[in-house]
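Both of the next two complexes hold chain A, though its partner changes from chain B to chain C.
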Partner chain A sequence: MSTATIVSDLNRALRECFLADGRVVLWGEDVLSPYGGAFKVTAGISADFPGRVFTTPISEAAIVGMGVGAAMRGLRPVVEIMFGDFLLLAADQLVNHAAKFAGMYNGAVKVPLVVRTPMGGYRGYGPTHSQSLEKHLLGVPGLRVVAVNHFTSPGALLKTAILGGDGPVVFIENKALYSQSVQLGGDGVLEVTELDDESGYPMVRVVNFSKGVKADLTAVSYGGLSLQWEQALRDLAADEIRVELFLPTLLSDLLLAPIAESVSRTGRLLASEEGTRGFSFGSEVVARIAETVGTKQRAKFRQVGAARVVIPSDKSLEREMLPSSHALVTAALEMIEL
Partner chain B sequence: MLSSDQAIEFYRQMLLIRRFEETAMELFKKGVLNGTVHTCIGQECCSVGVINALNRQRDVVFSNHRGHGHFLALNDNLEGLMAELMGRATGVCGGIGGSQHLHQGNFYSNGIQGGIVPVATGMALAEKHLRTGAMCVVFLGDGTMGEGVVYESFNLAATWQIPILFVIENNRYAQTTPVELTHCGALANRPRAFGIETICASGFDVEEVYARATELVQRVRSGQPGCLHLDTYRLAAHSKGDDTRDPAEIAAYWQKDPLKAFGASVSATARDAVKRQVETRMQEAVASCLQGKSQDFARYRERMGDREFART
Partner chain C sequence: MIKGLTPQLGVNDDTALLVNWTVKPGDRVAKGDVVGQIETTKAVYDIEAEGAGFFAPLAEPGARVAVGQVIYALTDSADAKVDVAAIAVPAAGLAMAGADAKQVARWTKKAELLAKEHGIDIAQVPAIGVVREADVLMFVKSGGRPAPAGGDLVDGAYPANRPNRIMVIGGGRGAVQVLDILRRCRHQSAVGLLDDDRTNHGRTIMGVPIVGTLSEAAIRAEKKEFDSLVIAFTNDLAARRRVFEEMKERGLPFTNVIDPSVQVHANVRLGEGNVIIANGRLGACASVGDNNFLSAYVNIEHHNTLGSHCTFGPGVMTSSRVDIGDGCRFGTGVFIEPGVRIGAGCIIASGAILASNVPEKHVVKVHCEMHMRPIDAAGR
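Showing the complex of A and B:
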C-alpha cells in the first residue's frame, strides 16, 4: 500500500506535534516559510505556528546547544541540521552535553531534545553533503539514534521522538527517501510487518516469500538503504531466494532477539548499511549475533556497505562507491551458493 | 553600599568558599579526593558579587571547571558539595559528576570549556519563551574565550534578545598560558562587538562586583543580554600543584587578597563568629563524608537505562 511521501509524512507529524503540545518549538537554518528548510520538512510550520519557529545563523553547535538548554527547562525543542554532514560541528554538544547531563547529574535532569538531520548520498552532492555519519554517534551512552526507512511511517517515529521522549534523539532522515512513498503492509511480493517493543520505535520486518516457507537468508539494514533493499528483495524473489529483512529504527539500542532467532533458522546473516564499511552498525550486528547464535551453531556472516573512500561527486563514481541493490543481490547469492 | 548585615553575609560566603577550597586541597594531598580539583582561591568576589545580585529562587547559574565558588554562593550546600568531591552517594550528583559536573536546583556546571555557554543561552531563551521572568548567568574564563561556540552564543543572545548575563572572570591564565600569548585585543570588546552591553569591574572588590552585576541584572531582565568582565587572579595553582607562574607575581597578588581586604570592613566580632560557624560546618561535613559510601553501581546503571544485554 502506498501512502504519503516521506517528506509529507514528516511534515504532517511535525504539525501534529505543534498542535498537541505547546512546548514544542523548532529552530534551524532556513526553516522559515516560504522556504521551509532545505528539504521542505518544515514547510509552512512557521506561518501556522508563529512565535514557535526560529531561523538561526549558521551555528550548528549553538543550534544544538541551545536546544539542550531549552529542553532542560521544559520545552520540547526540535532542531534541524541542514545536512547530516554538519552534525559534526555540534558533536561536542551531542556527546558532552545532551547525552551526558542525565547521567552525570545522577538522573536529576532530562533533555528531551530532537535533532533532525538528513544523511545519505545517491544525489551527487559529493564528499561533504552525502555522508552517512550516524555510526560515529552509535554507542554514546544516553544518546538515542533513530533512522527512518520507507517501510514504516517516519512521522510516527518523529512523534515518538518529540512527544514521547525523555532524552536526546538524533533523528536520521535520508535525502534519497524524502520524495519516496511510504510502503506499509507490502504487496503481492513483499510482506511488511512491524515488530514493536516498549521503545516506540518498531523494527520493520520485510519478507519476499509467503507464510509457511523457510527463509534462506537473514538480512539486517536500516535507513535509506531500504530503497535498495526493496529492489533487491524483488530481484531475489524472482530467483526464489527467500530473505527475511530486518530494518531497526532505533539503531542505538538494538532489538536483537528476533534477528538472532531468524539467523538460528537460516544460518546466514547479511548486514548492510549505506555508510562506509567497518566500525559500524553492520559490524556491531554481526558481532552481537555471533556472540549469541554463533556459540550454538555455525552461521555465515557477510557485510555490505560503502567503499571506504571519500564520496565522489561524479554520478557514475558515486554509484560505484555506495551500495547498490545489485551489490545486495550479489552478496545474498554468494552467501547461498558458497 | 552594603548594609552591615549584607557585608557579614558576603564575608561569610567568601570565607566559606575559601575554606572549602583550602580543605579540598588538603584532602587531595591526603589522597582522600579522587581525580583533580580546580580551586578559585582569590576569585571569591566574582561568584559572591554576581550571585547575590540574582534572584536565587528562579535565576539559573551555569559554571565551569572552576565552579565550587559559584555553587556555594548560590546553594550554600557545603555538605553536598564535599560529599560529591569525595564520590559519596550523598553528593549532589551521587558521586558521578564530581568537582566539574555539578547540578543542584538552579545550578549546572560542565568540564568542557565554553560548551555550556549555548546551553545557558538556550535555557534563557526558554525562560523568555515561557515568560517566567527568570534569567541565566554563565561564568566564563579568559581561556574560554578561545572557544568558537562562545561567539555563536553571543551572536544569538544579542540577535534574539535573550535574558542572559555572561561573566568573564579574567584571571590572566589559561592553565599555565598567559592571556597575552593567546588572545588579541581587550576581551571585553568581544561581546561589545555583538552589541552586548559590557561593564568592566575589579574582581578584587566584592562591593563593586555586586553593584555592577546589579546594574547588568536589571538590564538583562528588561530583555537584553549583558556581560560583566572581571579582572581577577587565581592565588592557588590551576589544579592540585601545577603552577609555573612567577612566585613574585603570585606573592604580589596575595597582598591584594580580596578576602582579607573585605574582611577588614567587617567587625572583628562578626568575623570571629563567621569563622567559627564556617569551621564547624567544614569539620562536620568532612567527618560525615569520611564515613560515607559510594552509591550502588548496578542500580545506577539500571536507572540510566543501560539495557544493552537485557534485550538480547
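Showing the complex of A and C:
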C-alpha cells in the first residue's frame, strides 16, 4: 500500500515533468506560491521553477487559448481550470482549436496541451462547483480525456499526458479524491491489477474475490466513483457477491476487449458514473459491449449515475442525488437476483 | 442538557483544530458566551455557547475534531455527570451516506440465492455463524439432510471402552500443543482438526488430518465422527469465545484437555473446553470456568476463582483467593498477590506483578527497559 495522497502524487509528477523537460510550463488561476492553486496541486512549483509558472486572470477561454498557441509553438503547456464546471467556457478552444489543428493542417502542427481540472461533488460546493461534465467532451475527435481514480498512480497518468503525447489531453481530477491515499495492489479483500494497452493510460481491474472463483458481475466505472466502489466491493464481498470492476483511465478510447470478455463470463454489466445518467460514459459502455457480446449471448445491463437534476448545495440532499456505495450495492444485488 | 457541536465554518473543512477552552469545567455560561476557540484552514473562530448551562468539555485543546462532533455539553447543574457514550456522535457516522448500519445477516446473499435455486429452506442449513455458499453446497451434496452415521467397526460397537474422540478447532501452533497432550493421554484421542483456512485442508498435523471448516462441526457431530470439541487457537480471544458459544448453542459438547503432568488438587471445580499445558497446577478448592487456555507452568492457587475464555502465557503464578473475570489475556511470567480481583476483559502484560485489584477492561503494562550492548574487547 502506498501512503501518497492523490494530491501529493500529482504534485510530485508535475515537479518531475518540470525537471525532465524544459519545455513544460504551467498557468492557471491562483497557481503561484504560496497559494498553489485552490486544491494545492501546484504547491511550491512556481517557487522551485521560476519563470515557468504564471497566474492568470479569470478567463478560461484565455487560459486554454494561450495553451493551444504555446503548444503549437513547441512548448508543453499544462493549464489548470480551477473547477471543471468552468471548462465549458473554454469548449471552443478545446473542440474547434486544440482538437482540430493537427487534422486541419494535415499534421503540420501539433498541440501537446494538457488541461487539468477537478470535477466531482460529495463536498457540498453547490450547483456550479460540483458537477462531472466530462461527458460533454467525450467523443470529440482528436481530444483525449483521461480520468484518475485512487487505485492507480494519478502522477504516472499525468506524466504520460505531459511528456508522452502529441495531442491535447483533458485531464480530469476529482475533488473528493485529492486527500485520499493511492491504493495499489489491494489488500485481503480487494485485488488490484493494471491492464496496459501501451497507451500509457492503464485500465484498472479491481476484484473482491480470490483466484479460481467465478465472478458474478462485471462493473465499469471511472474517476472519483472509485471511492464509492471501494466501499461497495467490500460490502458485496461480505455477501459473497463477486464483482470484477474495470476502471478505465483513458475514457475517450476505451479498452473494450477485457470488459467484453468478462461480460461473456458473468452475463451481467453494471456501468456507473458520478455524472448525470444518460447520453454518457455509461450509456456508451453499455452500447459498445452490447454490440460486441450481444449477438453471442444474452446479457443483463444496468446503469447507475447521478439524478438528472441541479446539484443541491445542502450535503444531505446532494448525497441523495449523487450515486452512493449503497446505490451501487443495491443495483448489483438486484442484477444478481433477476 | 445541551450538546455543543463542532461548527461547519467552511465548505473545505471536514475537521478543525480545537485551540482552547476559555471557560473552566463547571462554569455557568449564557447562550452566546464565548467558551473556546477553534481553528479552520482559514482562521481562528470563537465557539459560542449554544444555550445556557454549566460547561463540561468533551474534547482536549490541541485535538483535531470532526465537524458535527460533540465537543462540549451544557448541563443543568455544576456537578451533573455527562454520559459521553450516550451523546457522542462518532465522527465516522458523519461521513458518507450509504454506509448506514447493515443489519446483522444470518446468511450471505449468495447463500440465500443458491438455497433458493436448489429449493432449500436456508434456515435448515447447518453452519457456524453466518451461512455461506460453501455451507449450502455441502448441504446440497448431502442430499439436503444429515449424512447417515458411519463409525468405527469395533469402537462403534463398544463406545464405553473407547477413548474420547476429540475434534480440535484451529490448525496452528496451539493445535500442536493440544495434539502433543493428546498423544500422551490414553483416555482421549484426536480424530481431526477444523480450520477455516482452506489451503491446509487435506494436510495433517502430527498425523491428524485437517478435515474441514468450523462450519462443518455440526454435520460431523451428527455423523458421529467425534465425541467432543476443544479450541486450540489463542490469538483472538473474542473469536475463541464466539466459537465456543456458537458451538454450545448448537448442542455440541466440549471437553478439557489436560497434560498428564498437571497437578489437580482436592475439590477443584473445572468447567469444559479448558486446555492446560504441561506442569500446570490447580490448587485445592480452585474453581475454573470454561474455554480457558493455560500455557505451561501456570499455577492457579487454592481458593482461586477463574472465569471463562481466558488465555495465559507460560509461568503465570497466582496466590491464594485470586478472582479473575471472563475473557482476560495474560502474558508470560505474571505474579498475582493474594485476594486480588481482576475484572473481565483485562490484558495483563508479561512480567507484571499485581498487588491491587484491576477493574474490568483494563490493560496493565510494565515499564522495564532492556539495556543491551556488544561485549567489549576485554570480554566484559
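Just so it is clear, the second predicted complex is superposed on the first by the 337 of 338 C-alpha atoms of A that agree within 3 Å, B and C clash if a C-alpha of one lies under 4 Å from a C-alpha of the other, contacts with A are read in each partner's own complex, and residues count from 1 in each chain.
Here, a contact is a pair of C-beta atoms (placed from the backbone, for glycine too) under 8 Å apart; a residue touches a chain by one contact, two chains touch by 3 or more.
Keep in mind that this is a model prediction, so the values were computed, not measured.
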{"item": "Superposed partners chain B and chain C on chain A - clash or fit", "value": "fit"}
{"item": "Partner chain(s) touched by A:132 [first = chain B, second = chain C, both, neither]", "value": "neither"}
{"item": "First (chain B), second (chain C), both or neither touched by A:257", "value": "first"}
{"item": "Touched partner set for A:57, first chain B, second chain C, both or neither", "value": "first"}
{"item": "Partner chain(s) touched by A:67 [first = chain B, second = chain C, both, neither]", "value": "first"}
{"item": "Once both complexes are placed on the shared chain, angle at chain A toward chain B and chain C, C-alpha, multiple of 10 degrees", "value": "170"}
{"item": "If touched residues of chain A are counted for chain B and for chain C, the larger one", "value": "B"}
{"item": "Touched partner set for A:42, first chain B, second chain C, both or neither", "value": "neither"}
{"item": "Contacts of A:8 with chain B and chain C, given as first, second, both or neither", "value": "neither"}
{"item": "Chain B versus chain C as contact partner of A:102, first or second or both or neither", "value": "first"}
{"item": "Touching partner for A:241 - first (chain B), second (chain C), both, neither", "value": "second"}
{"item": "Least Cα gap, in Å, left between chain B and chain C after the two complexes are fitted on chain A", "value": "30"}
{"item": "Chain C-contacting residues of chain A that also contact chain B", "value": "none"}
{"item": "Residue ranges of chain B in contact with chain A within the complex", "value": "60, 93-97, 101, 103-104, 108, 110, 112, 115-127, 129-130, 136, 148-149, 152-153, 155-156, 159-160, 295, 300, 303-304, 306-308, 311-312"}
{"item": "Chain A - residues contacting chain C, complex", "value": "122-125, 216, 228, 231, 235, 238-241, 316, 319-320, 324-327, 329, 333, 336-337"}
{"item": "Chain A residues within the chain B interface of the complex", "value": "25, 54, 56-57, 59, 61-62, 64-75, 77, 92-93, 96-97, 100-109, 141-142, 197, 253-257, 260, 288, 292"}
{"item": "In the complex, chain C residues that touch chain A", "value": "11-12, 96-100, 102, 105, 108-111, 113, 132-133"}
